[in-house]
Every structure is written in structure tokens, then in C-alpha cells.
Amino acid sequence: MTQPVLEFGHIDKSFFGAKVLKNISFVVPSGTIVGLVGENGAGKSTLMNILSGILPADAGWMKLNGISFAPHRPSESALAGIAHVHQELNLFPNLSAAENLFIADFPKQRPESLSLIDRGSLQSRATELLKQVNLDVDPGTLVEKLSPGQKQLLEIAKALKGDPLVVAFDEPTTSLTQPEADQLFIIIRQLKEQGIGVIYISHNLGDVMRLCDQVVVLRDGEIQGAGDSENFTIPDLIQLMVGRELETLFPERRNAPQDEAVIQMHSLSQPGVVHDVTFTLRRGEILGISGLMGSGRTELARILFGLDSYNQGQILVEGEVVSALAPRKCVDLGMAFLTEDRKLEGLLPSAGIVENMTLVGLERFGSRFLGVLKRATLKDKVEEVVRELSVDYRNIELQSVQTLSGGNQQKVVLGKWLLGGSRILLLDEPTRGVDVGARYEIYEKLVELADEGVSMIVISSDLEELVGLCDRILVMSRGEIRASVDRQDFDRKEMLQAAFGEERLT
Amino acid sequence: MRLSGWNVSNLGLTYAPVLLYAGVIGTFGILSPSFLSTENFLNIFVQCSAVAIVAIGMTFVLLTAGIDLSVGSIMFLCSAIAGTSVLHGEFPVALALLFMVIGGLFCGAVNGYFVARKGMAPFIVTLSMLFVARGSGLWITQTRSMNLPDTFRQLATTRLLGIPVPVLVLAVVVITAHLILTRTVFGRQLYAVGNNPHAAERAGIDVPNTLMAVYIISGACASIGGMITLAQLAAVSPNLGQGRELDVIAAAVLGGASLFGGRGTAFGAVLGAVLVETVRNGMNVIDADPYVYPVIIGLIIFAAVLLDSTRHRQLAKLRRRKIRTETS
Amino acid sequence: MLRNWHLPFVVVLGFGLLSGCSEPSEQLRVGVAFETLQTEYWVASIEAIEAELRRRNIEMIEAVADNDANRQLDQIHILIARGVDGIIVSPKDSMTVIPMIKAANRADIPIVIYNRPPADNDGKSVTVVADNYKIARATVEYMAECAVKTGRKYKAMILIGDLGDINAIGRRDGFDDALRPYSDTIEVVARVPTEWSQDKALSGVTNALQVNPDINFIFASTDFLFPPLISALRTAGKYKKIGEEGHVLLGGFDGDPLAYSMLVEGYLDADGVQDVYFDSAASVDAVVRMHQNQIVESIIRDPGFVIHQDNLEEKAGQMWGAQIARSKDLTRLQL
Amino acid sequence: MRGNIGHIQLFLRDYPVLWLSLGLVLLVVPIRPEILSPLNLETLVLAVALLLVLSLGQSFVLITAGIDLSLPAVMSLASVVGASCLAGDSGLTGTPVSVFTAILAMLLIGLAIGFLHGFSVAYLRMPAFLVTLASLLWVGGVAVWYTESKRIPVTEEFIQVWYGRLLGIPLPVWTVAILAVLAHLLLSNTVMGKRLYAVGHGLQTSLVSGVPIGRTIVFAYMASGLCASIAAVFYTARLHTGSPELVENEVLLDCIGAAVIGGTSLFGGKGKVIGIVMGVVFIALVGNCLNMLGLRYWHVIMVKGGVILLAAVLDTFQTRWSGAE
């Protein structure tokens, strides 16, 4: 048994009388990866906030390397050797990779009172750190030019800067493709080899099972189960997390897709982006598109929704040839696009639920002349959809959606399109940053819609998700469709191979 | 390598601002040969030096997504302080200049206090300062204009190594500002704060102090700009600096600073100021109808902005990530 | 609850009304509304008016509109609401003053227009104004005579004021008309728009001197623009006393302290003077007489005069700038 | 009753500027009771009306995260064009038709320049600040150029637009009240209103959601131009003058300041007509009180700055209260 590097003892915490953490005790041994799982609101972030010194615990203690540890502010915690890799990327796109690494403690030239940056030392120390995480870019590169995976690696490099004893990862893979995630896991295992204690928080239970040595399951602020991960199965974990049995994560389809084509794409090409893409989406079909980040899957969706242009090929919607696509026109055609960047393209973060939900379908509630809104109908309708999707909120008008959890945010975006009467959904990473319970609810809703004849294209990096949900999966690589697999022929290995395409060969 | 059409248009877009300058200078050069003399170019720099210096300070503020509307009034208040202390207090000129800088630092610190410590909107805080500083200045001068001794004027007309002092001051300020922005911890952290103040706070940057500092810098730059104006005019008039905030912000933004923070450079601010002054000077030199001045200046700013936004859109298109390399 | 909430309001209101009623009303009160205090001329004017009012034991209520005609109209309305016994207004221009006259007429309060005459209107008002065109023309004519005497050719420049100000137009036209007969000796090569702003004047003059280095005849539409003009001339090495080689013929308008000291030192050839003391005394006198329902002529003209090297001793006593300069000993500033 | 009081308290808490306005009046009344005289109240109401037109127009643009600095210039150009329509030799001079034509011409100018701004911002992706700043220069320049700085008189009929009364209440008060109610209904109750907020909250999201952002932004700037023209009609009639220098640029600070004090965000997505009205009342009241007190010129300016700061300080306290709840 290895030395415990971090210990939590009987931690309690309440907000305004409501207990959010109750008697939390567990140990993070050095050189061990501990998975911390639980639904949103289970108390994971509160616990991490206590660890990082943002919040004080009401009762209980923590020990770091056997010494009692009670940080009062984040800097204290960092100094003691606790590092965090956040879900929300705390990077500054207008600065270089090296500058991002050392933003709070630049190496300085003598005399230090001048605060002049020692650029040589900055460069060499940054290079060294980037090497540690296998990130092969020039430290002078602006962060806005890095891919999401590279950014996540940069975040880790930042965490490693202070030679930490414990590194806590909070949803590190949400914006990563599978190979990028694999790369990340290699690095995390390296940390483990170095004797660092790792806390790994994720909604992706597959990853947790693959990576972690031990798991701790939280529900409503209490530990529901803990131990070596070999002793748990994914269904066990889910049951512990949600407190009820979910027979399976993916609901069964009741109706098969109809034969009628809703979208037909013929030999669509745009130089440098996609090449000769042909496929058909049928009514009531859930069509998955799998592929690596940068395989052209998101770009294809953007073209289909009129956000980007194409120079060859034809698109038919409901049998009619459409040209000069634009989002507005697509919306009129009954299409919806749930984008991968929820904050920038999906939500009006500082607006309320009603304002967000009515964005697409607004005209349907306005009179023909002058567009005067029927506010009562509108609010009723929003409340109906909100109920249907079981969105959790405090005030439907005044609460800004950025204060909602990821799952609820995604439900709002989905609700926006449903309220707008969309019948063809393009869903790009629909469950990114969404916890297990909400994820199940979203799947359920999607399948229900498909059964009612709504067609959808689901783009996801999570192959598990596509396999569970889709009637058919297209595999893309380098802007081309490499394979089209029907449900009965789903084979993970084959699809992965297709996704890697030429890359695997070289 | 063959220059393809694509390359030419790309080059043209990348250097669009340069082409604009060349166009403006070329047009005036053809219309009046005396426009192209070295002396006249020095003139342009001398005449825009005050605005350029204040615009550099403004760039610091804009980098944090703030705004400083009070610079024109600070220029006036500082000049009023200097004028009064020399005329009525019989202080030596050097001391008066010191008072100016102290005045600028103080006004900037007050702005900074309310923005950084009280978390108030910079627009409102500096708008208040605009009124308070101008009011105080008018109070001090009793709205009289003051004519200052010759020592002040000599500050503006003396040349070192053939270069007028205001241009030298501008050079010192712009180089210092450039070094601060690119080579110091504060400068780099400034870009971080401007990009995302919450993330900057989490990263351990002292955001309030950074904000405080930019308003103080802006106040100081305003006082230096006031100093140069004062030296050039050898007088304090009650409308000194009035409405200057718009000229200054225009210069900074023409030079590439974003009103939404995180973007901008010191040299850019100077270029923006020089462009506007070049047009004004050029029209003066070709003896254009005075009524047409504002029309032309407005249209050239419009053209510059149009060019810049077109350039950005086109460059973004051209630089879009390529997923596949076309073999054909 | 509601009553409590209203109570302080009612108390203060009542107190206010009471104190308002008990205010003594024997002393006359005159509202003085100036469009701007931007130049020495306006400051001297308002101070002269204040002094004259004080001499007559009349209270002055000041309002300055900061170049905004609409704000000035508001201020007039507020003066009327305060129940002043008369108004002296220096308006932004000849047209926007008309609604002010009408408002005063409606309230039956006498109104005197200072310095900027109103356009034709059917309102009742008295205007005290200097003849800008005539004084400017006389000033420039004197300069032209000086020029002719030397027998040389001259290149002339004018610093034009704000083109929206009728007085600026008058002075410009006076300049043009004065030089018309001398077109073979004096050529106008530069017209610098200044909008009454010193920094615009500075860059304009500097540029003009760059293009036409041989300019040697300059008329400034206001003395307020002398500091930047001198700055530019010195930089170009052209600021010379009368009689020195390379002297530039200089003329100005207003009669401010700086102009006086320039005359004394021999830099300035001529200056058109508006007689501030006459103007202010006449304004106050008119407002008081109108209040007493006496008949006052509708325009009181300030003839003004040109002060120049030949009549300096004789006229300095009437020049307001000279009084100020002497009282403050500003001549020692050695501009 | 209790419910009512609850509402009043809520209202006061949401709009601390109301407290401040009230305090200001209470402070000034004992010194200058004339402030409550009908004559002065009318002056105050008219000042509110004038500033409110501009602030409403400005807030449409502010809500979309833009800004319109061109107002003074647009007003000047509309003013001189309108006045020269009245002075034209069309044979209509002096008839109500000429007044109608003049007003129409003025409104068209505002709409046209507004359209230009909207187009530049929405379709050419130019920054609003610079586009409208350039217009402030060139449109104002055109006005001066066109008239060579001369003032143009207007007819007696035209003046009635401002001085006329209906049921004893001045016409502009009616006009502005109707305008404010319309603006309120537009912003809170129509498709276009919601789109304006959406564009201000998130341009990219609005684009993806099929909001016609181009049209929406153009609408905002045209509304702002229209309001500027209406203000120009009022100013021109009030001052009896078509003038290329109708207002000083400071009016911009007043109208943006009023909107911001009334809760409109310069970063878009926030702003209500009721708040803007209160901001405008406050700014107009400060001006009126200071003139009433007859303070020296410089004290007036200083106090104005101080009071604006005070309003903002109160606002941050208010935010903190509601944040704590």
C-alpha cells in the first residue's frame, strides 16, 4: 500500500442551512488515480472548492502528506502542492502558450523591481513544460491558434508547473476527440508513475473505469460507495449515482425510420474542407457521424446549416433542391442546429430561460402585423417545454442561463429548437459537459422525437453514444465519408479504423 | 515562385493600412509638392504628438475593455494648474510641470479607484471625471485664458539633434509604453485581464491593481499631452482639450485597439493619430475649402475602418483551417 | 405606512413654500445668461456687467450655456421661473435668440441682447452691439495703409473664427472688403479656419506658413488666437517688432490685455476694439430703464474704434484690455 | 395597500436613481421653492422630452451592443435641410403642406443615415463606434458646408410643432409620451424587440438561431436616426432656427449617460424604457436644479459630474443588495 498523499476527514459543508457535504472521508494515495463521480449538484465542485481554498469547510479536516492542511485562498493551496485542471479553459487566447503558462509568475530579469520579463528563461522553461505533456508547439504560439486538445494539454502543463503533489482534473476530456483523450490519459498515467496523487472527475464513466485505480461515488453530498475500480461496473456506478436503477443508458426505439428522404446531399465539396460527400437522411432516422476532431464532421454540419459555403454539389431538403443556404432559411425549412460551442453559439448566456427558448420560434408567437407577441401563450408554451424536458431552474425569466448546470443549459438549447418547431435536428456533441442523469433524459427525448418522425444527425466524439443511439453511423475522415454502417453491423473497431483513415496508414 | 492572384490579393489585404497611408500621402503629394518635405512630416508629428501620447494612455485603458472619457478635461485641469502656479504662485516652470503630472496621476487614480475598487462602469466614472475636472479647471482659472511666459513655448520649439522636443517626448512615451506592454509582467497580464477578467482573477493576477494602474497611466499620459499642448500654445484657454477624448479614442481604435478589450498596441495608437493629422495637414497645405475639412476627415476615417474590416473578414476566410489538402 | 413615507416630503415642501414667500423683493434681480466664457472678452464683459449691477445695487444671477443654444433657452426659462426683473443675454447666434426674446416678452420681463444682434423678429428687445464689420474693416484698412507705405508686395492671411458665428462672418467680410481696393499690393493667400480654437489655429497657421513662408500680413479675427499665432510665428522666426527687418503686419480684434501689451511692445500694428465698458453699462442701463417702463431705442450701437501705434496713448484709456493689463501688470510677461 | 407599497419599494430598489432624484428635489426646494412652480415644471418636462427622444433612440442601439455617436451631426443636417425645405420657393411656403414636407425630409435624413450605419455595422462588420464617429464628423461637416454656417429661419407654422398645445399640454410632450409608450411596447412586446435584445446578448447565437441579425441591427440604427430626426424637428422648432450647429456634442454624453444610469448596458442586451425615462429625468433634473441654484458656471459642471458619480455609486450598492439575496 502506498503512502496517502491527501486525506479528507469528516468534511461537512452547508449553504444557507442546506447540507451539501456530509461527513466526507476518503484518501488519495500517492501514485494513484482516484475517480470522483456523481451527478451535478452531488457536491463534487464544493469539495474541490474546499480543496483549493475557495471555500472553508464547516467541519472536518484535510491532511497533505500527513500534515494538516486548511488553505484560505487558492494561492495557498497551489503553493502547498494542489493543482487543478479545470473544465472551463482558463486560457487567454490573445497571449502565447508560454505567457499563459507563467501569467501569474513570469520569470523576471534582474533587478526584479523592474518587473521585466526574462524572455530567455520564459522560453526555455515553457519548452520544458510543454515537453512534459508531449505538446509539440512553439511556446511563442498564440493560444487562439491551438486546437482544443492542445489547449487542454497546455492547461495540464500549467498545473504541473509547481511540481504538485496532487492534481485534480475536472472534466478534462469534454472538448477532446478520442485520440486526444488517449494522449491525455497517457500523460495522466505518467503523473501517476511520478508518485503524484490524481483526482479525476468525469461524467464519462467509460473513461473513469479505464483510467482510475479507485472510485468514489457521491450523491447528495454523501459518499455512496468507494473502493478499487475493479470492484465496480458502470451500471453499478450509475445506480449509486442516481439512486435508482437505469436498466440501460440508451432507451429503445419503438418505430423504425421511414423510407422517405428528408435530406439528400449529393457530391458536396468545398476545397480544403469536405470532398464528395453524399448521404441521405430519412424521416425518423437518427444518423450518427463519427470521426476525429477535424475530420470535417462539424464543418459538414455548418455547411448544411448555411453557416459556411460550398462550391460543388447539391442539397435537397424534403425533396426540393435548395440553394443559397443561410441559417435563417434553414430554420424556415424546419432545421435546427445544436452547435458544439454552447456558450458562443447556443445560448444567450446572460439572458433568461424564456428569452433563450423563444429565440427560434419567436415569429410563431407574434401577430402577422407588427409582430406583437402573445405573451401569455408564449410563456405557457415555454413552461410546457421546460416541464417536458424537466429543466431545473429557480426563475424562468430572471435567472440567467449561465447559472444553470451544463445539462440544463443543453436542455434549454434543445427546447429552443423544439419550440421553434424544428423537424430536422443537427446535433453537434449534444451531451458535452452534461451529467449522467440529464444525459439519459436527453437521449430519451431524442429517441421519443425520432419515434415521432423527427430526423436527426448526431455528431459525437463518444462512439459509445453513437452506437447506443443511432440507426446508422457515417464515419468521416479528412473531409470524406469513409464508411456507412447500419445498426446491425455496428463494430467499434472497424469504425475506429475508418475514422483514423489515412492517418493509421502513415 | 510565381505570384498567383491569390497571393497578390492576400498581400494587398495584409498591408491594406500601409496602402491607405500611401494613398493619402500620395494624393496630397501630387496636389502640393511642399507636402512631401521632411519639414512638413516633422510638422505632422509635432502637431499630432499630444493626441498620440494621450491615445497611448487610452490604449492601456481600452486593453482592459474600459474607456477613459476624462482625458480632455484632465489635459485642461493640469494645464490650468501649471498656468496658475507659474503666473500666480510664481513657481518655476519645472515645478509647474511636476504639478501637472501629479494632477494627471491623481485624476487617473480617482478614476481607477472607482473602477477597480468599487467595480463601477468606466464610462460613468470617467464621464463624471470629465465634468469634475473641467469644472475644477474653470474654477482655478475663473474661465480666463492665461498667457504663459516664453519658457513654455521654448519647450515646444527647441530641437535636439534636429528633432523637435514634442516628437522626442512622443518617441520616449511610445517606446516606454511598447516595452511595458510587451516586455513586462504587468503588460502581459494586462492583455490577460482585458481578454477575460474572471479567468485572470482565477489565475492569480491582481486585477484591481492592474485596472487601477491603467487609469493612472491614462491620467499621466493625458497630463503629458496637456503639457505639450500647453507648450505649443503658450496659453491656457478654457476650451483646451475639450472634445479631445473622441479624437484620442478614434486614434487608438484606428490603430487597432478594440473597445472590447485585449487588443491594441502603443505604435498602433500613434499611427492612428498620425493618419488623422496627415489628412488635416494635407488639406491645410493644399488650401482646401475650410468647410470641407470635417467631411473629408470623416470620410477617410470611414474608409480606413471599412478597409480594415474587409481585410479582417477576408483574412479570416483565407486563413480558415484546412482539413484536407486538395490533390487536384 | 404610506403617511409616514410622505410626511418628510410634505414638511419640506411646506417649509420651502414658506421661505419662498418670505423672500425680500425690494432689490432688483437681473439674470445674465452668457453663451460662453471661452475668451477674455466674454469674461471681461460679464465682470463689467456684474460690476455695473453691483454699483446700482442689483443682484446678478449668472447662467452660462457652454455653447449650447438649447441649454441657453432652458436657462432663460429658468431665470423667468425664478422671477428675475430683467435679462441680459449674450446668445450663440442671431436666430436662436428669438425664442428667448419671445419667452421674456410673454413673461413681461425686459430683455437685452448683448453683442450678437438678433435677426428680424416681432419681439421686443434691446440690442447692444459693436459693429463687427465696420471695426474689422477699419482695422484692416489701417493695416493696408501701413503696407502701401512700404511700397512692397504683401501676402496676407486671415484667421477666420467659427463660421457659424455671425460676428466671425462680419469680421471676415470686413477683412475682405477692406483689402479689395488693395488687390494689386496685397494678395490673400491663406484663410485658416479656427472654429475659435487655439490648437486648430496653431496647426492651421503652422501649415500655412509652411506652404507660404513669405506671408507678411496677418489678421486674427480675435485676440484670443494671438498666443498660438505668436507661437507659430516665433517657430518660423517671423515674430519681429515694427521696424525690424521681416516684421509681419499684424492686426487683431477685441482689445484684450495681450493685444495691449503687444501694442505697447511694438509687435502689433492695429487692433479693433469693442468697448466693453460702454457695452456693459449700456446693457444694464437699458434693462433698468425697460423695467421702469421707459422707452429705449431698440439698438444701441457701440461704435468701437481701432487702436494702433499712432493713437495708442490717446485711446488706451478706452481699451478694456489696457485697463486689465495695467491693473494686473501683465505687461511684464514679455510675450 | 400593502401590495402597492411593496411595489413602490421594489421599484425604488431597482431604480436607486429615483431616490436620488427625490433627494435632489427635497434638497433644492427649501432654497428655491420656485423649482416646483408650474412654469419651471413645464421647463423641466420639456427638457425631459427633448433628452428622452435622443436617449430612446440611443438605447435601441445600445441594446444591440452598439453605440451611435452621430446624433448631434444627424440632428444638425436634418435641421438645416428641414429649414431650407420651409424656405424653398416651391410656392408651398407658409402652408401646412410645407411643414409636412419639411418634417418628412428631416425624418428621411435620419432614416437614411441610420440605414447607412446599420448596413456598415451589420453587413460590412465595421465597429459601430468608429462608423458613427466618422459620421459625427462628415455629416456635421456636410451640414456646415451646405449652409456655409449660416442659420436658416423657419416659418411660424413649423414652430407650432413645438409650441402648439393639445388639451393644454404642449405637443412635444404628447409626441414623446406616445413615442416612449411605443418604444416600451416594441421592446417588451414584439418580435423585433426580443430580437434586439438577442442580438445584444449574443450575436453568434442569434445568427445560428435564425434571427435575421442584419435586419435587426439596421432597424436599431434606423430607429436611432429617426429619433435623432424627431429631436431635430423639436430643436429646430423650439429655437426657431435651422442650424448646422444645433447642439453641442455633449448632448451625447447626456443621452448615453441617462441610458446607462437608467440601467442600459453598454455591452448590450440590457435596457428598459422605464429605466431610461428615470435616467433622463435625473439628468434633466440635475441640470434644472443647478441652474435654479444659480451656482457659478464651474460649480455647475463639477456638481453635475459628482452627482452622476453618486448615482453610479448607489447603483453598485443596489446591485450588491440584490446580489446578496
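Remarks
As written, the chain order gives the labels A, B, C and D, with residue 1 at the start of each chain.
In the analysis below, contacts are C-beta pairs under 8 Å (C-beta built on N, C-alpha and C of every residue); 3 or more make two chains touch, one makes a residue touch a chain.
Because the structure is predicted, anything quoted here is derived from the model rather than measured.
Chains making contact with subunit C as well as with subunit D: B.
Counting hops only between chains that touch, subunit A reaches subunit C in a minimum of 2.
Interface comparison, A-D versus B-D: the pair with the greater number of contacting C-beta pairs is B-D. Across the assembly, the mean Cα position most removed from that of subunit B is the one of A.
Chain centres here are Cα means. That of subunit A falls 43 Å from that of subunit B. Distance from the subunit B centre to the subunit D centre is 29 Å, each centre being the mean of its Cα atoms.
Averaged C-alpha coordinates give centres for subunit B and subunit C that are 34 Å from one another.
Residue positions of subunit D touching 2 or more other chains: 144, 148-149, 296-297, 300-301. For subunit C, the set of residues touching two or more other chains reads 37, 163.
Contact with two or more other chains is made by residues 138, 143, 291, 293 of subunit B. Taken pairwise by the contact criterion, the protein chains fit none of the simple patterns, being neither a path, a ring, a star nor fully connected. A list of each chain pair in contact follows: A-B, A-D, B-C, B-D, C-D. The residues of subunit D lying in touch with subunit B in their complex are 69, 120, 124-127, 129-131, 133-142, 144-145, 148-149, 249, 253, 256-257, 260-261, 266, 296-306, 308-309, 311-313, 315-316. The touching residues of subunit B, counted against subunit A in their complex, run 183-186, 188-189, 191-192, 194-196, 199-200, 202-205, 262-263, 320-326. Residues 32, 34, 37, 39-40, 43, 46-47, 138, 142-145, 147-150, 153, 156-157, 229, 232-235, 237-240, 277, 280-281, 284-285, 287, 290-291, 293 of subunit B are the ones touching subunit C in the complex.
Those residues of subunit A lying in contact with subunit B across their complex are 74-75, 78, 90-95, 99, 103-106, 108, 114-117, 119, 271-275, 294-296, 299, 478-480. Across the complex, subunit B meets subunit D through its residues 69, 114, 118-121, 123-125, 127-139, 143, 243, 246, 249-250, 253-254, 258-259, 289, 291-299, 301-302, 305-306, 309-310, 312-313.
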